[in-house]
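Before anything else, here's the structure in question.
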Amino acid sequence: MDQISVDFPARLGVLQDVSLRVPSGGFRFVTGASGAGKTTLLRLMFLGIQPSQGRLEVFGRDTRKLSRDQKALVRSRLGVVFQDFRLIDHLSVYDNVALPLRVSGKARKGDRDYVHELLHWVGLGEHADVRPEQLSGGQKQRVAIARAVINRPNLLLADEPTGNVDDGIGIKLMRLLEELNKLGTTVVVATHSAALLERFDYPAIHLEGGRVKAAGQSGAAP
Amino acid sequence: MPEAKSGVHHAAPHEPLLIFRGQAVARLLPVLLGLMSLLAVFFVLQSMQRLFVIQSALRVADGELTVIVPTAPGLPDTTEDPALRRALDVLEATVGLTRIRTLDEAATRRLIGDTLKAGLGAQVPLPAVITLGRTPRVEVSMTELRRVLERAAPGSVLDDNAALRSQLSAQRLAEAGSTAALLAVLLLVVSATTVLTISQSMDLQAPVIEVLLMSGAPDRLIIRQFTGFVWRLALLGAGLGAGTGCGLQLLLWLRSPASDPALTATLLPALVLVAVIIFALIVLLATVTTRWRVTGKLRQSF
Amino acid sequence: MPEAKSGVHHAAPHEPLLIFRGQAVARLLPVLLGLMSLLAVFFVLQSMQRLFVIQSALRVADGELTVIVPTAPGLPDTTEDPALRRALDVLEATVGLTRIRTLDEAATRRLIGDTLKAGLGAQVPLPAVITLGRTPRVEVSMTELRRVLERAAPGSVLDDNAALRSQLSAQRLAEAGSTAALLAVLLLVVSATTVLTISQSMDLQAPVIEVLLMSGAPDRLIIRQFTGFVWRLALLGAGLGAGTGCGLQLLLWLRSPASDPALTATLLPALVLVAVIIFALIVLLATVTTRWRVTGKLRQSF
Amino acid sequence: MDQISVDFPARLGVLQDVSLRVPSGGFRFVTGASGAGKTTLLRLMFLGIQPSQGRLEVFGRDTRKLSRDQKALVRSRLGVVFQDFRLIDHLSVYDNVALPLRVSGKARKGDRDYVHELLHWVGLGEHADVRPEQLSGGQKQRVAIARAVINRPNLLLADEPTGNVDDGIGIKLMRLLEELNKLGTTVVVATHSAALLERFDYPAIHLEGGRVKAAGQSGAAP
């Protein structure tokens, strides 16, 4: 990312001259006060918004030069945990988690077991058939994480993945992300939990009012 | 991290996306589309029937001619009347006339007895009546025929149903005008309702579209999913609606005592045709609207 | 904690809840309700016009009687004919008949010349024609009148438009049947669409209802808010729709060259009445449905 | 509350034999793992669900004996911060916060200034006219808190009120609740933030699998 700025129609300068690189296979935190632009930075990375100026590369490809289908291809290599979960209300927990598998068209025989195994791992083995509305806040968040990792993404973007769970579960979820990272997935986690930052010692990109104040060691672009 | 999937990947039956299971829109859409096609099919069929009845009356009036020949008093059998003979000769010599037939006395009385009652007295015998048909292919000049007949049988009258025909034509015109206006308004309302309802439903799907997009679904997959979804609902709804419309029309036909078998024979295939056309139109409208709205939503997004 | 409000509380203009500002439903509802009332109003007005035309033709046919009296040959003036005199005497003595008038020769030729041409020869003079009206209040027996007339003027014919009347009656029956069936289907579809659309819209309001409930709003406030909202949209939509329907009908009347002023004078108030009734029906339906659905949602919640 | 149990149609025993009292004017935390039943307990208190058995008193009145209108009256004395915020999407931030004032029908001349003052206090002074969808997660949460306190409730129920904001703002928001508490409002805060529990020393009701494991000192019912 080079000197990226993001303006929303209603609000200018949400991000200003942000330049950073996340090396492939790296693990980064994004920190900053509420409203600093963490979510906006992640939205840039999953091609959810376009930079109003500057150059954005994902997987080494300039996003401005991608066709819509190529963007879809890039997104299919991403996993995203939204801050507000974005579960589909009328689908069961199982169907929500299995959605990326179905979208990718790479249906495999073992999918069913795999989804159940993952749900069990995040502590929702018994909730596979209920609708998201019947889940507690922390349970929804874990469904969102399961959906983000089900497809073995190359880049995982997680926005406050532990904001609604207690510290015990939070650490377990972070370990899941660490394991994915060890298997080669680049991980970016936005958080303002000081406890998390203390416990897991990865470089942090600190945002303040839309500008990078302190970035960890940068390497190759993701 | 749960254990990796076993290395060997067998191709499994492709699980459907199921993104619409149990949605409120899945209940509303078929009902509304069904109501719309029911209304359209039934209305068009009823209008067609009305127009068809007038049209067939007009065709009969158009094709049937009657010649009334005054007969000389005192003859025992009117068929021997020389004026009648000459009139028949003239008619048979004219190209474009068929089914020339002289009515017997009973039929004559039935046909013109009522209207001629006033003019018939002891001195005036019942005139002879010849009925004949006009073939639609050859244009026969009525004026010319009248002139020739007058020469052959003076005092004969050629009745070409002019009054009835002009009345029926006027009625057909009025009926067609009213039907066209109503049909225009009806189709406008039905299409607008279909388009509006589907647009609204697709607007509600925006979050689902976003999640699909962010899961890496290419545009064509998303569009295919949504059009397929609406397509199935529209098939179901419009099919049931059009079917009910036809059924209603058939029911009214079967119950009406004066149902002309020839009319039914002609209208029955038309009924199927109309139902199929309106069904296809509504399904098409629904699918195209969906495609348009979903594409619009996709274009809005990055 | 921000500083407490100043101790003195002035009553301020009550700010509206504004819970519906800019909702998609606020755009969809009036359009759909408008389309529904447009369709209903226009359809009912067109059907009314059709029935009215037949009805007025029937009324004319019903009220008009014609008596045809054969006249003796050789008289210079048919009015001097004794049979005609006797027939007129009989008619004038009968209660329930009005506007008794003997036609002059030109009018007679125009009226019956065509149909009687065949029977009229040198020997048979043009009969005398008396037209008269029937007052709707007194029931005159046609059989009795015929009997009396036959005695007064043998060979006279009393034409009470039986054929035309039966044809028109049949037509009215068919038209009324078709209109009733169409009207039933139309009203069903219009009501169902209205109810479905509003139910769907209110289902989408469930989160708003919940927030209101949790903010301590009593049921009646919530119901009032929602019915008031739909009421305003329905007034707007159905008003515009019914107005457009009326406008369309008026346009068609003004453009049609054969518009009978009497007909227009009778139908114009009916037009306003129909528009008002359908408008009221749709607004009522919309409001009642809203009330029902919101109450249902409230009952579901604790 | 006495021996309260809550069963959802789909799930039995979400809360089992919970008995507790929150004294009027008290301040309580509700803690417990994700899915333990914290949100369910708060929903009971704001009359969002009915206990399947047991007796529930709010403001000293048995909730089973209340008519719907009386319940509305009870709710109008409550302020609730929902875990998922429940802001009305198509209303501006200002209108969302002002909603309880309008519902109560107690419109005052100073309302407008008061709403703006409160928005300013929670750090959203400049966002009064935007829609919630244009806010960051933490900003939405602050709108939810502002809406809950605008009416000076007698009982404030806050579900994870600091889950989406950084520690600085979190402490500021807790101070807001403390000030309300000092003015007489009973406050119940559900949270799993260990940091919050450490920093603010109030009694905690600890839930485990739908049962109370450790309750702070109880006093009079709320």
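A, B, C and D label the chains in the order they appear, each numbered from 1.
To be clear about the criterion, a contact is a pair of C-beta atoms (placed from the backbone, for glycine too) under 8 Å apart; a residue touches a chain by one contact, two chains touch by 3 or more.
This is a predicted model, so every value here is computed, not measured.
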> What chains, if any, are shared contacts of chain A and chain D?
Replying inline: none
> Where the centres are mean C-alpha positions, what is the separation of chain B from chain C, in Å?
Replying inline: 25
> What is the distance in Å between the mean C-alpha positions of chain C and chain D?
Replying inline: 60
>> Averaging over Cα atoms per chain, report the distance between chain B and chain D in Å.
In response: 66
>> Quick check: what residues of chain B touch more than one other chain, meaning two or more?
In response: none
>> Among all residues of chain A, which ones touch two or more of the remaining chains?
In response: none
> Are the chains arranged, by touching, as a line, ring, star, complete graph, or other?
Replying inline: ring
> All pairs of touching chains?
Replying inline: A-B, A-D, B-C, C-D
>> Using the touch definition from the top, list the residues of chain C that touch chain D in their complex.
In response: 1-3, 5-6, 9-23, 207-208, 210-219, 221, 298, 302
>> List the residues on chain A that touch chain D in their complex, please.
In response: 8, 10-11, 32-35, 38-39, 83-84, 123, 130, 134, 136-139, 142, 159-160, 163-169, 192, 194-195
> Which chain A residues qualify as touching chain B in the complex?
Replying inline: 46-50, 68-69, 71-78, 80, 86, 88, 90-91, 95, 98-105, 107-111, 114, 117-118, 120-121, 149, 151, 176, 179-180, 183
> So in the complex, which bits of chain B are touching chain C?
Replying inline: 24, 28, 31-32, 35-36, 38-39, 42-43, 46, 49-50, 53, 68, 70, 112, 114-121, 123-124, 127, 155-157, 163, 174-175, 177-178, 181-182, 185-186, 188-189, 192-193, 196-197, 200, 203-204, 248, 252, 256, 258
